[in-house]
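Same chain, two partners: chain A is paired with chain B first, then with chain C.
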Partner chain A sequence: MKFVIKKFVTMVITIIMVTLFVFIAFNLISGDAAISSLGTQATPERIESLRNELGLNDPVLVQYGRWAINFLKGDMGISYSYRMPVSTMIMDKVPVTLTMALIAFVLMLIFSIPVGIYTSKHEDGWIDRSIIIINQILMAIPPFFSGILITFLFGRLLKLFTPGGYISYDKNIFGFIGYMFFPALAIALPKATMAVKMLRSSVLKEAKLDYVRTAYSKGNSTNEVFYHHVLKNAMLPVITFFGMTLTDMIAGSIIVEQVFSVPGLGRILLTSISNRDYPVVMAIIVIISVMVLLINMLVDILYSVLDPRISIEDK
Partner chain B sequence: MKINNYIFVKDISLKKNSLKNNRNFIAGSIIVVFMMIFMLVGMIASPYDPTAIDSSAKFQGMSLAHWFGCDNFGRDILSRVMEGTYATFKVAFGTVIIGTLFGIIVGALTGYYGGLIDEILMRINDSIFAFPSILLALLFISLLGAGTYQVTLALGIAFIPSFARIVRAEFLKAKNMDYVKVAKLMGASDFRIIFIHILPNTYTVLLSSIMIGFNNAVLAEASMSFLGIGVQPPDPSLGRMLSEAQIYLAKAPNYALFPGVAIILLILGFSLMADGIGRD
Partner chain C sequence: MEDKKLILKVTDLNIEFHDHLIPETVVFDFDLDLYEGEIVGLVGESGSGKSMSAMAIAGLLDRKHMNKRGSIDYDGIDLLNCKRDKLRTIQGNDIGIIFQEPLTSLNPVYRIYDQVEEPLRIHTSLTKEERYEKVLKALKDVELDDPELVMKQYPHELSGGMRQRVMIATAMIMEPKILIADEPTTALDVTIQAQIVKVLKKLNKEHGTAIIFISHDLSLVEKLCERVLVMKSGYIVESGLTKDIFNNPKEEYTKKLISAIPRIDFD
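Right, the complex of A and B next:
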C-alpha cells in the first residue's frame, strides 16, 4: 500500500512537471495573446488592460494554476483555426485512438505469448529457427509500411475492408471494431514480434538457473517446471515490456491513423501542428502524456503485485 | 526435454549462442554495407536526377531504363530511393550523434558524481524516458517547426535520456572498480578518469546502444517524413515517398514497395548488428 501511494505521488509530481514544461513552452512560442487578438495597431493602454483582464501579467505559476484548473474542468481553450472549444473538438476522438491501441494490445498478447512459449519450448528446432528469422524480418517493418501492405493485401486484393472507409463508432459499433482491426494489426505486428523475441530469450535465460535443476530433481516433469516455475519468472521482464508498448501504441496510432484515414487524436494533432493551432496541440499532448503516465503507474503497481521483491527493494 | 538438456550441457549451449550472435552481426553488417554502397552509388552516379519530372514516364513500370519504375510525376524511383536513403541516413546520423554526445555527458557526470544533481537529473530523465519518443519529437516539432534540421534536433533531444540512462548505469558499476581506484590514487583528474579510463571500458554497451539508436532513428525519421514533417519536398525521402505512394497503391504498387524495402533493410541491418554486439 505504501508502495502504491508512493507511486501515485510520483506520478502526480511528474504530471505537474510535464504539464508545466508544456505550458511554459507553448506560452513562449505562441506569443502575446493580447497583441494577437487586438492586432499590432492597438494602443498600449488597451493591450495593457486586456493583458490584465486575461491575467497575462500574473506570475507564470499563477497562470499555470489557472490553466490547470480550467483544463481539469474541461475548458481547454479555443482553437485558433476552427474558433470552437478544443474540448468539443477532441473529446470524441479520444475513444477512437484508445480503442485502436487496446485492440492492438490484445492482438499483441494473443500472438506473442503462445508463439513465444512455443519457440522457447522447442528451442533450435527448425520451426523455432524459421519463426525467429521471420520474426526478425517482421520486426523491421515500420507500422506505416505494414499498414500499407495490409491495405494492399486485405483491402485491395482480398477486399475484407474498404481502405479509407472509416465507420464511426456511434453509427455502427461492430463495423467500427471491424475496421479498426486492420490498423490495430499494423500497430501490433512489430511489438508482438519484439515480445516473442523477449519472451523466448527470457525463458532461455531462466532455464539456465539453479532453481530449475532443483525443480527437476524434485521429480517435476518438463511441463510442470516450465509452467509453474520458469514461465512465471520469465514473464516478469516481458510484462514491463507490455506496459511500455501500450504507451507506445497510443503514440504509434498517431502514424497509423494517417495510413487508414482514421479520424483520431493523431490526425487532429498533425493538422493542428501544421496550422500552428497551439491550444489544440497543447491539449492533445497533455491528454496523451497523462494517459502515458497513468499507464506507467499502473504497470509499476501491477509489477509489484506480481513480483513482491520490487516493492521491498524500493523501500 | 529441451530445457533439461540445457542445464547439463551449459557450456556447449553457450558456445553455440555466441556463434549464432556473430552470425547476426555478420548478416547485419552485410545489409548495412550494402545499403551504404547503394547510397554512395546514388550520391556519385545516380541514374537520373531524383527531382527531374518527366511527364511522359508517369507510372512507368519496372524496366531496364527505370529499374524500379517511375512515380506519379515520372521521376525515377531508383534514384529517389537512393537519395532518400541518404536523407534518412543523414538524419539518423545526426540524431545518434546528438543523443550519444549529450547522453554520455549527462550519464557520465551523474553516474560518476552522484548526489543531488544526479537525483534531480535522473528524475527529469525518467519522466522524459517514460514518453514515447515519437510524441516527444512531435512536441519539439510543434515548437521548432518542420524541416530536416528541426527533425534531427528533435529526435536527438528525444534520444538523450535513453543513452544517459545506459551510460549512467555503466559508470555506477565502474566507479567502484579497482582500476578506477588505482587511477585516483595515482592522482588522475576526474576528467581523465571519466573520459580516458571509464568511457573506453563501456564500449560494448555503448556500441550496441548506438546500433539500437540508429535502428530507432531510421524508424523515427521515416515516420516523421511519412507524416510530412521531416524532409520537405521536392527533396526525396523514404517516408514521404511511402505516404505519396499510398494514394496510387492500386495503380503502382512498386512505388510503395521499394522505399518500404529500403527502410526495412536499414532497420533490419542495424538491429541485427545491435543483437550481435549486445549479447556477446
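Right, the complex of A and C next:
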C-alpha cells in the first residue's frame, strides 16, 4: 500500500515536471499557434487579437496553470488548428497506437524467448553462430527502415497487405489487426534481437554460477537445471528490458506510424508540434507519460514478485 | 580398516584440461579406497588437484574441454565413464557434496525449503507430508536454531554459516553413503568453522556416512579425519593414518604444511 502511494506521488510529480518542461519549451521556440493558424499573410492586428483570444499573451506560468486546472477538470482544451475538442481528436487514436505497441510487444516475446533459449542452450553451434550474425544485422536496422523493407517485401512483392491501406478498428477489427501486424513487426524486430542477445548472455552468465553446480549435484537432468534453476534467474534482467521496450514501443511508434500511414497518436503529435497546437501536444504527452509510468510500476511489482532479494517496500 | 566395507574405489584417475592451447594435467594417478563410515582428509595447497579429484567423484566435472582417464567405482558403476542418466541416480542420492562458497551455492530465487527438498523430489516418490517431515528433520540435524522459519526464508536472508548448514542438510537429506566436503569452512569465520565441523562429525556418527573432507587447514583435518591424503601439483605425495602422518611426516612438503598450522584448540 505504501508502495502504491509512493509511486502515485512520484507519478504526479513526474507528470507535472514533464508537462511544465514541454510548456516552457513551446514558449521558447519561435512562432505560435496564432501565426500557424492564420498564416504568414495575416495582418498583425488579427494575429494579436487571436493571441488575446487564445490567452497566448499571458505569462507562461499563468497559461500553464490554466491548462493544468482545466486538464484536471477533464477538459483537455480545444485544438487551435482544428477548432475541435482535443479529447475527441485523440481518444480514438489511443487504441490505435496502443494496439500497435502491444502487437509489437507480443511479437518480440514470441520471437526472443524461444530463440534466446535455443541459442544459449546450443552455445557455439553453427545455428547459434548464424543467429548471432543475423541478429547483429537486424539490430542495426532502425524501425523506419525495416518498415520500408517490410512494406516492399510483404506489401509490394508478396501482396500480404496494401501499403497505406489502413483499416480502422471500428470498421473491421480483424482487418485492423492484420494491417497493424506489419508496422508492429517493424517496431518489434530491433527490440527482439536485443532481447535475444540479452537473454543469451544472461543465461550463459548464470550457467557459470555456483548454484548451478549445486543443482547438478542433486541429480537434476540438464534440462531440469536449465529450466528450473538457470532460466528463472536469467530472466530477471531481461524482464526489466522488456518493461523498458514496452514503454519505448509506445513512445517510439511515431515514426513507424508515418511509414505505414497509420493514424495513431504519433502522426497527430507531429502535425500538432509543427502547428504549435499545444493543447493537443500536452494531452498526448500526458497520455504517453502516464502509460510509461504505469508500465514501470508494473515492472517493479513483477520484479519484486520474481526476485525475493528485491522488496518493493524498500524502494 | 579391514573389517569395514569398501564403498568407493578410485583407480588411476587422471584429469587433463583442454581449454588452453597446451593441455594441462591437473590430477595424476589419483587412487583412493573409501570405506564405509570413515572420514578421509584430502589436503594440499590451492591448485594441488584436490578439488578436481573431488568433483570427479561427485560427477561434476565439465564434459567439454576435459580429458579424463581411470575409473571411479561405486557399487559396480564407473562414475567417471558411465552415462549421465546413470550418474544422476547416484548424484544427490548416494553421494552428496557441499562446497566452499555457501554464499553462492544456493539458488537465490528459491526458498530454503524447496532447495533442501529437491533431492527428495528427484529421487523418491514420497508424499508432500513425508517430504516436509524429512526436510524438517534434516534442518534440525544440522542444528539450525529455528528450522520452521529458515525453510520459509530465501538464501540472502541467512548468514554464511546458516547457508552452509542448509547445504549440509540438502546433501544429507537422502542419507548418502558418501559426503564430499570441499573446503566447507574456508569461507567461514573460526567459531562457525568449529560448529560446522562438529555437525559433520555428528552426521558421520549418526548416519554412518563416509566423508571426504577437503581442506588446506591441517588443524581441522587433524581433529576430524582418521586418514589423510596429501596432494601436491596433482600427485598424492603421502597418505596414511592421520596420527602417523602428523607425528612422523615423510615428505618435505607435508612437513612444511604441518609446520604452517597455527595452533588453536576449539573443543
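Here, the second predicted complex is superposed on the first by the 241 of 315 C-alpha atoms of A that agree within 3 Å, B and C clash if a C-alpha of one lies under 4 Å from a C-alpha of the other, contacts with A are read in each partner's own complex, and residues count from 1 in each chain.
Simple rule for what comes next: a residue touches a chain if its C-beta (ideal position, glycine included) is under 8 Å from a C-beta of that chain, and two chains touch if they have at least 3 such contacts.
If you're wondering where the values come from, they're calculated on a predicted model, not measured in any experiment.
In the overlay built on the shared chain, the residue A:T14 is in contact with chain B alone; chain C does not reach it.
In the superposed pair of complexes, A:I285 makes contact with chain B only, with no contact to chain C. By the touch criterion defined above, A:I255 lies against chain B but remains apart from chain C after alignment on the C-alpha atoms of chain A.
Once the two complexes are laid over each other on the shared chain, residue contacts for A:E123 go to chain B alone; chain C is not touched. Contacts of A:D307 after superposition: chain C is touched, whereas chain B is not reached. In the superposition on chain A, A:R213 makes contact with both chain B and chain C. Ranked by how many residues of chain A each touches, chain B and chain C are led by B. Residues 213, 216, 222 of chain A are contacted both by chain B in one complex and by chain C in the other.
Only residues 1-4, 6-7, 10, 124, 127, 130-132, 134-135, 138-139, 141-143, 146, 219, 222-223, 226-229, 239, 242-243, 245-246, 249-250, 253, 256, 260, 263-265, 267-268, 271-272 of chain B touch chain A when the two sit together in their complex. For chain C in complex with chain A, the touching residues are 58-60, 84-85, 88-93, 96-97, 99, 101, 104-109, 111, 118-119, 122-123, 154, 156, 167, 170-171.
Of all residues in chain A, those touching chain C in their complex are 209-211, 213-222, 224, 229, 232-233, 236, 306-309. Taken together, the chain A residues at the contact with chain B in this complex read 14, 17-18, 22, 25-26, 29, 121-124, 136-137, 139-142, 144-145, 148-149, 151-152, 156, 163, 204, 207-208, 212-213, 216, 222, 225-226, 230, 247-248, 250-252, 254-255, 258-259, 269-270, 273-274, 278, 281, 285, 288-289, 292-293, 296.
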